[in-house]
Each structure stands twice: as C-alpha cells, then as structure tokens.
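Shared between the two complexes below is subunit A, which has subunit B as its partner in the first and subunit C in the second.
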Partner chain A sequence: MKTEKNRAEMIREISGVNPLKCMKCGKCSASCPSYNEMDIKPHQFVSYVINEDIEALANSTSLWKCLSCFACVERCPRDVKPGKLIDAARQIVVRERGQDYLTPDEIPELIDPETPQQLLVSAFRRYRR
Partner chain B sequence: MKYSYFPGCTLKNKAQDLDHYARISAEALGFELEEISEWQCCGGVYPLGTDEIATKLASVRALNDAKEKGQELVTLCSACHHVIKRVNDDMKNVDDIRTRANNYMELDAPYEGETNVLHYLEVLRDVVGFDELKKKVTNPLTGKKIGAYYGCLLLRPGKLMSFDDPENPKIIEDFIRAIGAEPVIYPYRNECCGGYISLKEEDLSKEMCRKIEESASGFGADMLITACPLCMYNLNKNNGDNLPVYYFTELLAEALGLKEEVKEQ
Partner chain C sequence: MQRIGVFVCHCGTNIAATVDVKKVTEMALHEPGVVHAEDYQYMCSEAGQELIHKAIKEKHLTGLVVCSCSPRMHETTFRNAAEKAGLNPYMVEIANIREHCSWIHKDIEEATEKAVILMRAAIAKVNLDAPLKPGESKVTKRALVIGGGIAGIQTALDIAEAGYPVDIVEKTPSIGGRMSQLDKTFPTLDCSSCILTPKMGEVNAHPNVNIYTYSEVESVAGFVGDFTVEIRKKARSVDMDKCTGCGVCQEKCPSKKTPSEFNRGLDTRSAIYTPFAQAVPNVPVIDRDACIKFKTGKCGVCSKVCQAGAIDYDQVDEIITEKYGAIVVATGFDMIKLDKYDEYAYSQSKDVITSLELERIMNAAGPTGGHLERLSDGKAPKEMVFIQCVGSRCADERGKSYCSKVCCMYTAKHAMLIRDKYPDVNVTVFYIDVRTPGKNFDEFYRRAVEEYGVNYIKGQVGKVIPQPDGKLLVQGADLLDNKQILKEADMVVLAAAIEPNPDVRKIATMLTASIDTNNFLTEAHAKLRPVESPTAGIFLSGVCQGPKDIPETVSQAGAAAVKAIGLLAKDKLLTNPCTAHSDELMCNGCSQCANVCPYGAISYEDKEVNDHGVREVRRLAVVNDALCQGCGACTVTCPSGAMDLQGFSNRQILAEVDAICR
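Showing the complex of A and B:
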C-alpha cells in the first residue's frame, strides 16, 4: 500500500510541478470553466498536494471535470500549472487496476452518428489507462 | 513549396470537409500538402505526464518522417497541432523524454526536435501572406459577419504554441478579412467548448457552448468558424442551429471559387 507521502511524491514527479511555488492568488480557479462543477477547486488542489492529502484528491470529482483547456496553466503567474497537477492525480487513479473512468462497454450508449473520432480517442487517453 | 502533412484520424472520417477544402485551397495558393505515409493517430490530447513516452511516439514518428524528407510539417486539426507541437518541444528541450523516446525508436539518427511544425493558418499568414491571399480571392464573402472560434488547443500554453497572443489573438480575424468578410470580436472566442468532457458530461459542455454562442451572437456574428472537429461537434450539438459553424477551410475554398469543385469530386 502506498502512503500518502509516496502518492504526493508521485504527483510531483508525474506532473513535474513544484506546488510550493503557489502564492495562492486564485487566478487558476477564476479562469477555470469547470469551477462550479469542482468539489476541490484548482487553487485548493495545489494545497492538497502540498499537505499530502491525496486520498481526498483521488476521490474528488474535479479529476473528471477538468477539460485540459490550459486556461489555468496559461494564466498562472508562478508557473505552477494546476492543470498538470490535476492530470497527475488522475493518472495515479487510472494507473491502478480497475479504476478507469471510461470503459469500451459504455461507448455505444454515449455516441451518436456525428461523434468525431477525436472525441473518443481524447476521452480514452484522459480517462483510462 | 511542399510540406509534410499530418491529417489525423478525424479528418479521414467525420471531418473530411476540413481536409478536402484545405487541400484544394493549398493547390490554388501554390503549396502542396504531401500526406505522411503510415501516420498514426496523435491520441487527441497531449500526454501531460512527464513519464508518458509511448503515447508520444506517434507524434515522434510523424516528426521524424518530415525531418527525413527535409520538410516542415503542416497540421490542420487543432488537437493534432497541439499534440505534435508539444511533443516536438519535448524532443527538443526535455532530455529525459528525448532519450527514452529515441531509445525506443532506434532511428537511423536520433530525433531531436528538428522539424518545424506549422498549422495551416500559420502557412496562410507567414508563407502565403494574408495580403497575397486577398489578391487570390475571386468570390469575396462580402457582408458576412463571422466570429472566429479559437478554443483552447491552438493558443495555450501560449509560449509553447507560439501561435498568436493567447488572450487576444487575431490570426483568424485577419483570415476573415482576407476572404472579404467582416470579423466579429467577442469575449468567449478563446474559451473552452468542453472538449472531451461532452462524452460523459453532456450538460457541462452544453452550458459552455451556450455561453460561447450567446457571446458571439450578442456581438453580431452570423456564423462561427473553427479549425477543430471536436469544437465543431460540441458547438453544433448544443446550439439548436441558431448559429451555423463552419470549418475555416470551407470558407477559404468558397472565397477562392473552389467550393463547387469539391462537391463534384
């Protein structure tokens, strides 16, 4: 079993981000188009990694609400890149067996005749190992 | 001028218009798109994890193919452009990714980010030139009020994509002027349409598209143009046909008097 410290280290490693650079200006959350949908907001996400409270992040709905639109990455004045941290947290979840957020069985229900291939490959890349 | 061209998965299927209109317009404008043989899907999203190598290799193969031909690589789909451009930056600047990708690929010579990646719009702006494009327009779209929809992937992260000012871009507006129409500048033009979220969170994407379309209509746009098949899909799905969405290449072909040609093919 990995400890919270291990998992926090993994997030730092996978993301390549140093969360300690954050000065808590909140610009990431102000920029986030999914802000209202997130239980842990982008600026809070950074603090959770610093505090090594990874279980809360792993269970957070925010992992599946992030759009990878890079608004937070673009606007962060400290180059903390919250979107990369969220992706790393998503990675440590889906890299564990049985934790995929999207499986092929679900696809027939989710598509329509116009669904572009791009949508499926993108969703699988983000939601599944 | 001949370029290596990476069409990507969707341009071979649901977004064939984006591809066809681009090819015939390129010919009319004096450049050629030579499709990379045996290209593989870019994956749609850039793998953000610094330890993700395998998911970046399709881009490296395409980039290396262009390098071996001594050509620049042109993309059209916003997602392919985003992924390939960022992987190229990794291969140029990130030692660990470059080393591991090359160890895996075992190429004749290591790939180190030599290929220049251009989006089709950048070719229009920087090689053809919007002034020259304007001279070649035979069927100007006079009177049309068009909103440029940039979305995320072409613009951000700004320093890395170096496509245009990520907060106040103008390349598509300049394009719209070149084809004789009037650009409509509206605040939501670089906001996200929801991207892949529309698969499992339809309502969330719907709300984002509604804001984009209300913003564009409110500022007087009759239509939107985009370079991204997924933006097109999300916007069309969620707008109740109030505001038509076109690929920029379709209007380009129309302005160049080539649109009927495609229909006959």
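Showing the complex of A and C:
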C-alpha cells in the first residue's frame, strides 16, 4: 500500500499542478456546476493535496460528480487548475483498482451502465494527446 | 610591479557561511604583486574602511582588491576609501564573492574554490590597472517631466519651487491625468477635483513651469546633466494665444459622436473638445480623425462661431528642441483591457462596468450627471456586486502577476459612497483578501462593513450571466460558509488591474531606462534608491514605477523632485573615465565601431599620422568622452583591435580570463 505522501506526490505528477500556487480565491468553487453535489468542494481539493489527505479524497463522492467541464481549469487565475487535481485523484483510484491502460478498442465491451461517463470523457481527454 | 592589498569581507554570515574567508585570505598572499591580505566581518563599515586606510599607508599599497558584494553595491564606497588614503580610486577592483558566489552555492569547498578564482582574476586585473582621472561635464539647469498627472504636477511644482525651470510634456490636451477622472478620494472622501484643480492652476501659473500639452517626447539624446530632447507639439488647430476658452465651438460642433476618452467611452464628445470643463489649459483641440472639415473639407462651423478667430486649420506639428539636466518620468497607468475575461460578461452587458467607469458615473460632471443608474436602461440599481482582483494576482497570461494595490481601498470607497447616498441599494463585495495597509486605511474599510453595512464575501465570482430581463446573475463562492452563491444583481463593478501606460515602453527605450516584465520602470535599488532609474539623470515618479495610491504618488513625486534638484544644483558633474579610445596607428577607419555605438559617441576625422616614418592622412575614429558610457561594444567590434576601453582594456580582460583558467 502506498503512503499518503506517495499518493499526493503522484497526484502532483499526473496533474502537473503545483497546489502551492493556490491563493485560495475560490474561483473554482464559484465556477463549478456540480458544486452542490460534491462533499469535498473544488477549492478544498487543493488543500487536501497539500495536506496529503488523499484517502479522504479517494473516498469522496466529488471524484465521480466532477463533470470534467474544466471551467475551473479555464478560469483559475493561479494556474492551479483543481479540475486536473480531481482528474489525477480519479486516476490513482482507478489505477489502484488495477483498471489502468485502456485502449480505445477495448472500451465498447467494457462499457456497462455502471461506468461513470465522466470517467470515460476524462480518460479520452487525457489520452487524446 | 604593483603592491596589492587584498581585503576579504565576511558580510556577516552572508559570505562567511559559505566561503572559507580565511582560506581565501591566505591564498591571496601567493598571488603576484600581493603584499598584504586580511579579512574582516564588515569591510564596508567605518572600521573596515579604517583597515584599508591603514594598510594603504603602512604597506605603501598601489592597488586594492576587495572580495565582497557586487560592485553595484559598494564599489563607490571602497573607491572613496582608497581616495581618502591617497590612492587613485580606479586602482580598486571588486571580486564579487557574494552575489556571484556565496549566495548561489551551497557547498563550502566549491564556493571557496570559486571565490579564490574570482579573487585571482581581480588581482590579475589590478596588476594592469592605471590611475584614471574623471573629466567634467556641465549641468543644464532645467528639468523635463514626462506626464502631467498628479505625479508629474507635484514633481514639477517641487522642482520649480526650488528655483529651477521645468517643462511638463503631456500627451493629452490637458494636464490632470487619472486623478482628474476620479470622483472622491480615500480615505477622507474629499472630492478629487477640489484638491487637484488648484494644483493644476498653480502649476500652470508658476513662472518656472512651462507646460506642453497635446505633445509627446520624440527623441532623447545626450546623458546626465546634458540631455537634448525633441518634443513633438501636435497640431492643436487652435491658437493657444487667441483662444479665450469660451466653449462655443464645442457646443456648435456638428460632429458629436466620438467616444469621450475622459468619460471612458460612456458618452460622446465633439470633434473640437477639451477633455473636461476644468482642463488646463482651457483651450480645445480639434480631433482631426473626427472633424468633418478635415474629413470632407466642408464645415468650418467652429471657425465661424469663434469670436477670437483662434481656429487654425493649417496648423502643423511643431518640433521643439530643448536641453535638460534631469528627466523625470511620470507616465502613470491605465486599466487593463478585459476582453479576455468573458466569464464576467463585460463586453456583453452595459451594466458590467469597471471601477473607473463607476467613478465617472458617480461624478457630477460625468455621463449621468452623478446619478447612479444602469447604463442599459437608466434604471436605479437595487443590488450591486463588486468583484475584486479582476486580472490582478494572476499567474496566467490573461492578467497581471502583481497586486494592483489601490482596488481594495477604492472598492470600499465606492461601496460606502453608494450606501451613503442610496441607502436602499444593497452592496456585496466578493474579495480574495482585503489589503488595506496605510494610515487610516483599515479603519476606512471597517467603517464600510460596520457602519455602512456593506456585505463582504470571502470568495471569487465564477461567472456573470446576463438574464433576459436585464438582470445579471452572479455565481460566486462563499468560502467561509462553504457554499456556492447565486445572486441577482442590477450592476456589477469589476476592480480591473492597473498597468503602466503602454507608451512607457517607447519612452524607456528613448531614455535607455530599464523596464521590468510588467512594463514598470526599474528603480536603481529596490530599497535604497527607489525613485532613481539605473540610468543616471532619469528619475521615477508615480505609478510608472509600481502601483501606488495618491498619497504615495505625491510623496514619491516629491522625492523624485529632490533627486532632480540635487542634480541641477551641481555646477558640473564628474564623468566616468572608463571610456573608449582608438589607437591611431591601428585604426583603419572602417566605421564598424560607429555603427554599434548606442550613444552616438564615435565620429571620424581625417588626420595626418606618422606610421613608422610614413606620413599620411588617414580616416580615424574619434571618441567623444562626454558621450561615451564605456559599454565596450566598440572594443569587441573593432576588427583591428584599435579600440580599447580605459579601466577594462583588452589586456586586462584577457589577464582575468587567464587567471580564471590557470
């Protein structure tokens, strides 16, 4: 089992985001269309990563409520982009469950009604490049 | 052979914590020419300088190497100390073992080795140093102030009061600047015009002040004490001596559709116009791009109605050439453009405005006569939302990285004024941090909250959505209550970041004054020389140097004036003796040095030379010592090696390189 420190480091690496740049303005939470559905709010994600409290993030409903609309990524004035942190947290949860490395051909048979659609959208966005 | 003394400074722990100063001192004694070496905790202190003095006297030193901080910091200090002990000040070399060594390295062994190498290079240079004597240059006792806002006005007044003539060059038709656009000023809420217009009148009437409005600096040549400046006086199309300022021309002008610059485009002005009623000088200009006479040849109404016969369609731009000893830059600021901030709907709704636009709306002479109303339908607002830090403190390319400094206070002012005049209007301010350092500033902000009931919410606004019914839906975050807020507002006011006037880049280039990545002019030292540019004779006043409010601007304007006065009060200046010289026998007159010289210091003359018995006339480069700044560009360009820089000769530079590579 990875330590919380490792997992926080991994989130920083996957997302390419330095959470210390956050100035706590809250524009992400002000922009988020799923705000009311989330237990941990977008602006709080940043401090959870800074404080290396990844287990709470992994168990958060927010991971699966984020629509990956990237409004917070577009509008963040500090280049912190909480959407990318959420995306990365979702990635490590998926990896820890051993579900990494999808190829587009495999997807159709993997899709079942239980798969959160935003996960697919986000995965495509990530691997598009 | 030189008798060299080496002095190694600890700089407290700044150097000594990373460099083994004792070892550097000991190594110095093995170098050629070194007859004395010692270290001390603070070489720049009185006691440190005393050590240098004593060693020069006792050991009969002919040259010094001081291993310390950057020469920009203390070269003058040590040169003065050497001079006091009877040594030529140009026999002193600094080995920078702080900025170039201890501050940037961690490993003591490596840093010590590097310090020794830097010291060795400096010793090699001193060995070839020759005493130099500075020349003298005159000081033109007249100052130029670029920009006629409150900063420029204050600087000009202070210089004029000290008895020196001052010219102000102002780009727009009137002096007054941004401050003339403001309604009230914090923290005392006195009317901006009431405190500014008397100053405008005073500076205009001052016998030592000459104001060029509607004019721009065209070129700058020369150097500290002796600048030659060309000023373009744009054609006003109105005779300044004849015009009485009656204003009839502006009333009768049929072309009235140009957006008013002074009212930030919220209403329109005529083609012949003064920016505002209290303009100084109270003489209009014709905007030739808008004037029907200039566009079609038919009209001439202003000329017909002018009783004084002041209208002159044939006026042309005039170039005035004047000499100055000192130049003060006071070019001020503007607000950033908000076209990249779509989320706040600034370009979609007339009711989303900037703070400066609100100033005009609140002002009795503004587009709404001082009545607070929505620009879309003229209705009185009931809910107003202010958004702070729009484009300030931004890490991305949309905004500015810095805090604009004045927004927290003016937003508190706006909120308070609105609550005072229209108690039924609710005011909400979305803030990230409230920054109100300054005398009576925080008390001012607290009054807005406690006495005027302004609702401050900690959090940013994500977006502003114009509704079909004309309202504005504001979606923001309340980070303290941890909830997202949806609020209907009638007007939204954006505290847009301020940025230096874009023209400052052009002016800085002309002045060879340095500028930072945000277009703010750089000061010579951030703490100890904040109103001087690193370029001698150029001083900084107001927001061109960094964001500041009116009290700070006025203080800095006074400080810049004092520095300029200090310069003008001198009868002559000592010039830098480290200038370039051409060896007549080696120069082949190729002109390459003249082409690269940024100061225009090199000219050519035909001169008879005696080259090993052959007498002939040759075309030779001649350097004007007064213009040469010692940059060395010519010395590296010269293909025949004729150009050499005193104090930094080619031999010395190579000796340093040899010492480093040894």
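We take it that the second predicted complex is superposed on the first by the 97 of 129 C-alpha atoms of A that agree within 3 Å, B and C clash if a C-alpha of one lies under 4 Å from a C-alpha of the other, contacts with A are read in each partner's own complex, and residues count from 1 in each chain.
Note that contacts are C-beta pairs under 8 Å (C-beta built on N, C-alpha and C of every residue); 3 or more make two chains touch, one makes a residue touch a chain.
Model, not experiment: these values are computed from the prediction.
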Which superposed partner A:26 touches (first subunit B, second subunit C, both, neither): second
Which of subunit B and subunit C A:91 touches, first, second, both or neither: first
Partner chain in contact with A:71 - subunit B first, subunit C second, else both or neither: both
Superposition-derived comparison: subunit B or subunit C, residues of subunit A touched: B
First, second, both or neither for A:5, with subunit B first and subunit C second: neither
Which of subunit B and subunit C A:35 touches, first, second, both or neither: second
Touched partner set for A:115, first subunit B, second subunit C, both or neither: first
First (subunit B), second (subunit C), both or neither touched by A:14: first
Footprint overlap on subunit A, where subunit B in one structure and subunit C in the other make contact: 71
Subunit B residues within the subunit A interface of the complex: 8-10, 13-15, 41, 43-51, 55, 77, 79, 152, 155-158, 166-167, 191-192, 194-201, 204, 208, 229-230, 232-233, 236-237
In the complex with subunit A, residue positions of subunit C that touch it: 343, 389, 393-396, 398-399, 432-433, 458-463, 475-477, 479, 482, 484-485
Interface residues, subunit A side, partner subunit B - complex: 13-16, 33-34, 37, 64-65, 67-71, 73-74, 83-84, 87-88, 91, 101-102, 110, 112, 114-123, 125-127
Complex contact set, residues of subunit A against subunit C: 21, 23-32, 35-36, 41, 43, 71, 75-79
